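Naming follows writing order (A, B, C and D), and every chain is counted from residue 1.
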Amino acid sequence: MTTPRSIVASLLQEGESRSAGKVAARVLFISMVLISIAAIVFETAEEFAKSQGALLRTIEYLTVALFVVEYLLRLWVTPDLAPDGLRYPAKARAGYLLSIYGVIDLIAILPFVIGIVLPIDADWLRVLRLLRVLKLARYVPALGLFAEVVRNERRPLLAALMVMLVLLLINSAIMYAIEREVQPKTFSSIPNVMWWCIVTMASVGYGDMTPLSTQGKVFGGFVMLLGIAMFAIPAGILATGFAAEIRKRDFVVTWQMVSKLPLFTHLDASRIAEIANLLKRRLVPAQYAIVRRGETADSMYFILDGEVEVDVQPTPLRLGRGQYFGELALLNDTVRNATVTAVSDCQLLTLDAADFRRLLNAHPELKNKISQVAQERRQP
Amino acid sequence: MTTPRSIVASLLQEGESRSAGKVAARVLFISMVLISIAAIVFETAEEFAKSQGALLRTIEYLTVALFVVEYLLRLWVTPDLAPDGLRYPAKARAGYLLSIYGVIDLIAILPFVIGIVLPIDADWLRVLRLLRVLKLARYVPALGLFAEVVRNERRPLLAALMVMLVLLLINSAIMYAIEREVQPKTFSSIPNVMWWCIVTMASVGYGDMTPLSTQGKVFGGFVMLLGIAMFAIPAGILATGFAAEIRKRDFVVTWQMVSKLPLFTHLDASRIAEIANLLKRRLVPAQYAIVRRGETADSMYFILDGEVEVDVQPTPLRLGRGQYFGELALLNDTVRNATVTAVSDCQLLTLDAADFRRLLNAHPELKNKISQVAQERRQP
Amino acid sequence: MTTPRSIVASLLQEGESRSAGKVAARVLFISMVLISIAAIVFETAEEFAKSQGALLRTIEYLTVALFVVEYLLRLWVTPDLAPDGLRYPAKARAGYLLSIYGVIDLIAILPFVIGIVLPIDADWLRVLRLLRVLKLARYVPALGLFAEVVRNERRPLLAALMVMLVLLLINSAIMYAIEREVQPKTFSSIPNVMWWCIVTMASVGYGDMTPLSTQGKVFGGFVMLLGIAMFAIPAGILATGFAAEIRKRDFVVTWQMVSKLPLFTHLDASRIAEIANLLKRRLVPAQYAIVRRGETADSMYFILDGEVEVDVQPTPLRLGRGQYFGELALLNDTVRNATVTAVSDCQLLTLDAADFRRLLNAHPELKNKISQVAQERRQP
Amino acid sequence: MTTPRSIVASLLQEGESRSAGKVAARVLFISMVLISIAAIVFETAEEFAKSQGALLRTIEYLTVALFVVEYLLRLWVTPDLAPDGLRYPAKARAGYLLSIYGVIDLIAILPFVIGIVLPIDADWLRVLRLLRVLKLARYVPALGLFAEVVRNERRPLLAALMVMLVLLLINSAIMYAIEREVQPKTFSSIPNVMWWCIVTMASVGYGDMTPLSTQGKVFGGFVMLLGIAMFAIPAGILATGFAAEIRKRDFVVTWQMVSKLPLFTHLDASRIAEIANLLKRRLVPAQYAIVRRGETADSMYFILDGEVEVDVQPTPLRLGRGQYFGELALLNDTVRNATVTAVSDCQLLTLDAADFRRLLNAHPELKNKISQVAQERRQP
């Protein structure tokens, strides 16, 4: 069913595959965003804007036009991307419009329209136009980890912020009381001194306001030490948060790995979660002999990453990502009939013999599949 | 017993419920504190103070009056809030007066009185008046985590502070010896050089004092590297401290969760702690089939967060926070008679079959309660 | 054997006991060090030194005299402090002289002598004199944790330092190539630019040298980002190091706690280590019923911290730090005959029934001691 | 086979042994790199370069000559260093040329040639010449840990960088809109304001651009807080990364330790990995009695670090790093016939009795070796 729409859909969809068309589409979108951002930024450089005004305007018109086309295309092909999209295209489209990416795509084109319709200040309009940089978020998957950690730790982070603001307030009032007489013009009011205080606590230290009196300097030193501690607190919170989040994701990662193993792709989500719980991750260094000819078989292995060599006759067999081994001896209840050695550092998932038998009994179709591959392996 | 006092008490009491009255009271208090703080701060902005002096004074009078009323009200209703308060009202009130929040509430109104009675300098009085910002602490529960971590790690933090002060002293003396000849006016004494040293080690760097000689610059660079290490040490200590504290709180959290489950609310604290030790927390992703029809039953489940669907006939049943499932098969020693699937990501507490039986034998009233619900579930 | 020497020894020895004499000695030493440091620092404040020269000199003479007396006293009493000191006093004294504290105590007085004998520059002599601040290290036990972490992580920290220095070198050379033409006087040589680079990478930013050319600013921004990463690396290393070191110390802490329990004080180190391995630490919240009348006894408990209440007739019994309970039922193989509830949050060490019996069989003297206390408890 | 080539090879090879020749070679190379770097740096100090030009040129010629010689020597001896080098010398040499160290060694000499051949700018050529500092990497093994952590965490670090750049862009546009009117010359375009923004977010704060308007200061304070959070994020990521990497290396460390134990040196890599999985690391404090005469034997011990004392008659026996004990009782199935006490803090690897027997059965040659040593121990 390669309708024009499904082709466009496959070009626009995010994912791991790297077909030439998709890479081209991605390069086009990223470069258009970057060029467009650069154009907006250099608009403000007066001389450059004067000499190259026409170019900058052209870039703006072109990129906005492209973003409009992209927006409409995405709206058009959404049903092909959503799971139930083809049955409820209107619902799928509404979903895109309201999704975070849909809103970002809209934000990329809206300021252009606003600029024409409303008499908004050019500088602030420019800020809005620059928000199109958010379109890049689509291409940075690790951002999710971030967002999650910040979301999990938002309460201690907010508490840290509040402590900081309270200290800012009290410290500024104290510094004002200390330093006002010596520098009545610079340290002229608490709001003014707050500028000194935040500049100092954040350890920025412009030097536009510095205490001159001895007491002011002593208290200033104390404020700096407080600032260091304030720095350290979000660092501590976030370090803990990242560690916790990464631990939590490990289960999800195993789940996703299992769901990508060809043997299990036909299973539904809850069955995959069940298998993910049975499998254990294991790292083996290169050169490590994972199973050895003649040993009693106690588990089978799935390769998540790396490559192994099975020393069968006449030529050794190489297995890589997504493949499995060690099932023959389990199927026939015999000892290992070949040594398997890691060629590179390998990440494996192991399945115990007992769980293996239970699984095959529960899923006859799995048993058939495995037996069939085993047959092929025995008579290559 | 909704006496006027108990109504006021329910408005003032902290807690999770979000009745309209409570939210209104909270918004009122927070906004009065913020407005009052803003007024004090802008008092010092000369021009603003001149033109709006009357307004600022009015705000001060009003807010202090409100804080006095709040203080008296809290004192009045304290017996309704404390566990034994109604039996020993005087003791409950004394407890409030001496509690951390009681002291903060007093600090919010005391400076006003002091300012009238004592001839204290206006600037320092203002610092005291600003301390009313601490009233906000009541509304930021995460502050406790902080205080605890700092309390736990106070010894290494103090040691870090001492190392910093010793380095500050020695480095300043060395810099004084190096730089005095080149800049006799700026680097004129060790106390003066200490200002440069703290500004540099805290990486603030105002630029009001910088070494000019080559040796001074080399030693300055070394001081900066020391400063980076000094920064890193409290960060390391606090990261470790937060991780440890959060691990420790997990037990307490489980305890509190158990104590909120409707089934256990009538139990006393030590019995809840016992049950908390029996229960294990477990996260399941959405779509995960927690129990499946026909499986042997090995545990029952309490829902801490999220929602599950029990596929009973004729319409599936949804269960949410605080409810439990999986007890039927345990009660009757049969296999599961319905599949239960997580609708969203769920946090569950699981209770093993063996512990379940032991618990019911020890607590006949628990057994009755569970049997009764089970009865209802079977004949809906 | 309270000879004068042993009395002085008990005053000078470090440790946990807080007798009045020891506290007084400690306060004296700490305050003399601080006063002496302050005097040295204010010597350099010209006006103060002129007007108060006599006072400062007096302080110096007095404190050095005290440090000499302290040094001689410590040397005299060392045999009373060292384990084998009284048998080999000369060896014990040599041990003190060469120990880290012995060297620090010598450093506190040596510069005074050097200043008289050698024509050393007064500024550098002052640096040496300030080293007496190290005497304070004796009173900050947490410094050991620090030293240990830095020692453990010295290799990655040195590697981080080397990366920083290499980046400093290369970045300075690049900046010199970029910025020399625009600011030939400020960015006049690579050593000069290195000053800018370290000031920037350490995020100090005095502002005495800033790039002016566009390329210089772009590269400067890049150097700042590198600086942030450089900051983060030692923080990461130290956070990991602190976590590891604290985990490692937990065993040692249990060991020390066991060695302080009155019941075990007569045991030798290796036997204590053996018991420490048998005991498990456990935290219970206030109000938690640790053992309940009528339960089967499965372990006994030692109180490390907190207080418990045993509800025996006629008045409940309170037990605190260092005491134990729950041994009666184990001795007689009966059920618990009293409920024990935690009054405050408690840290306990628990000993399983099996290990308890094994321990008593191996150590008849322990059995006698416990039986004797049990006797007293039954007939109070 | 001590051919001249093998002697040179042993001098140039990295490794743990510290023969005089190797140390001399290492000192020579490191000092030549440092001297050469210093000469390049001081070339740019005009006065120094004028007066000492001849010296600087001589250093450059000499060091480059030495690096050329070193490069050729390394190329010559490579076959002696590579495992299969002597059989395929050409392949070994090509391997060196393309290895990271080979490239670095080439970079150390190439710029000299380029400087003669191409008319490249002297400043940029100097940057290339300074890259010879990378030769030092050969002597800092901990750099690998670094590289690995950065490689593992590159995705969240890049995401953090992207967040920072996006915030830089948007914040600069906002600040430009706010501050342009007040300071049209300084905050004259978004690229210019970006310089302020990066200087502020990295908390460098030169002070060459500071906001003057109130709104500008308020927004500036907000940017500083964002900067603190941005700082904390890479610190958090790297702390987690270091912890994970160090955990992962522990297996590898055990593996390497086992491979260095004299008893196992003849085993191949995969068999060592198998044994490494059987052994458990254990720390014992000094004075701890590891095995006691008369106890039932349950394991044998390998000493990784530290020293133990076996109290055999007539003189106690000391065992150190790489040696083992506790095997006698396992071999003969008897109780321990001597107490073994840790003299210093010891790191041990323990092997359970069951695994010990299984291992000896699988490896008769291991059994012979152990029996032979046991024989010697019994009749010393």
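The rule is simple: contacts are C-beta pairs under 8 Å (C-beta built on N, C-alpha and C of every residue); 3 or more make two chains touch, one makes a residue touch a chain.
Worth saying up front: this structure is predicted, and the values here are computed from it rather than measured.
Ranked by distance of CA centroids from subunit C, the top chain is A. If you lay the C-alpha trace of subunit A over that of subunit B, the rotation comes to 90 degrees, to the nearest 5.
Comparing the residue numbers each copy contributes, subunit A and subunit D share less than half of them at their mutual interface. If you average the Cα atoms of subunit C and of subunit D, the two centres end up 29 Å apart. Centroids built from CA atoms put subunit C at 41 Å from subunit A.
In subunit C, the residues that reach two or more other chains under the touch definition are 191, 194, 203-207, 231, 235-237, 239-240, 243. Taken together, the subunit A residues at the contact with subunit B in this complex read 155-156, 158-160, 162-163, 166, 169-170, 173-174, 176-177, 180, 188-192, 194, 200, 203-207, 210, 214, 217, 220-221, 224-225, 227-229, 231-233, 235-237, 239-240, 243-244, 248, 251-252, 255, 268-271, 273-274.
In the complex of the two chains, the subunit A residues touching subunit D come out as 37, 40-42, 44-46, 121, 123-124, 126-127, 130-131, 133-134, 136, 140-143, 145-146, 149, 157, 161, 164, 191, 194-195, 198-199, 202-208, 230-231, 234-235, 237-243, 246, 283-285, 287-289, 341. Looking at the complex, you find that subunit B touches subunit D at residues 203-207, 235-236, 239.
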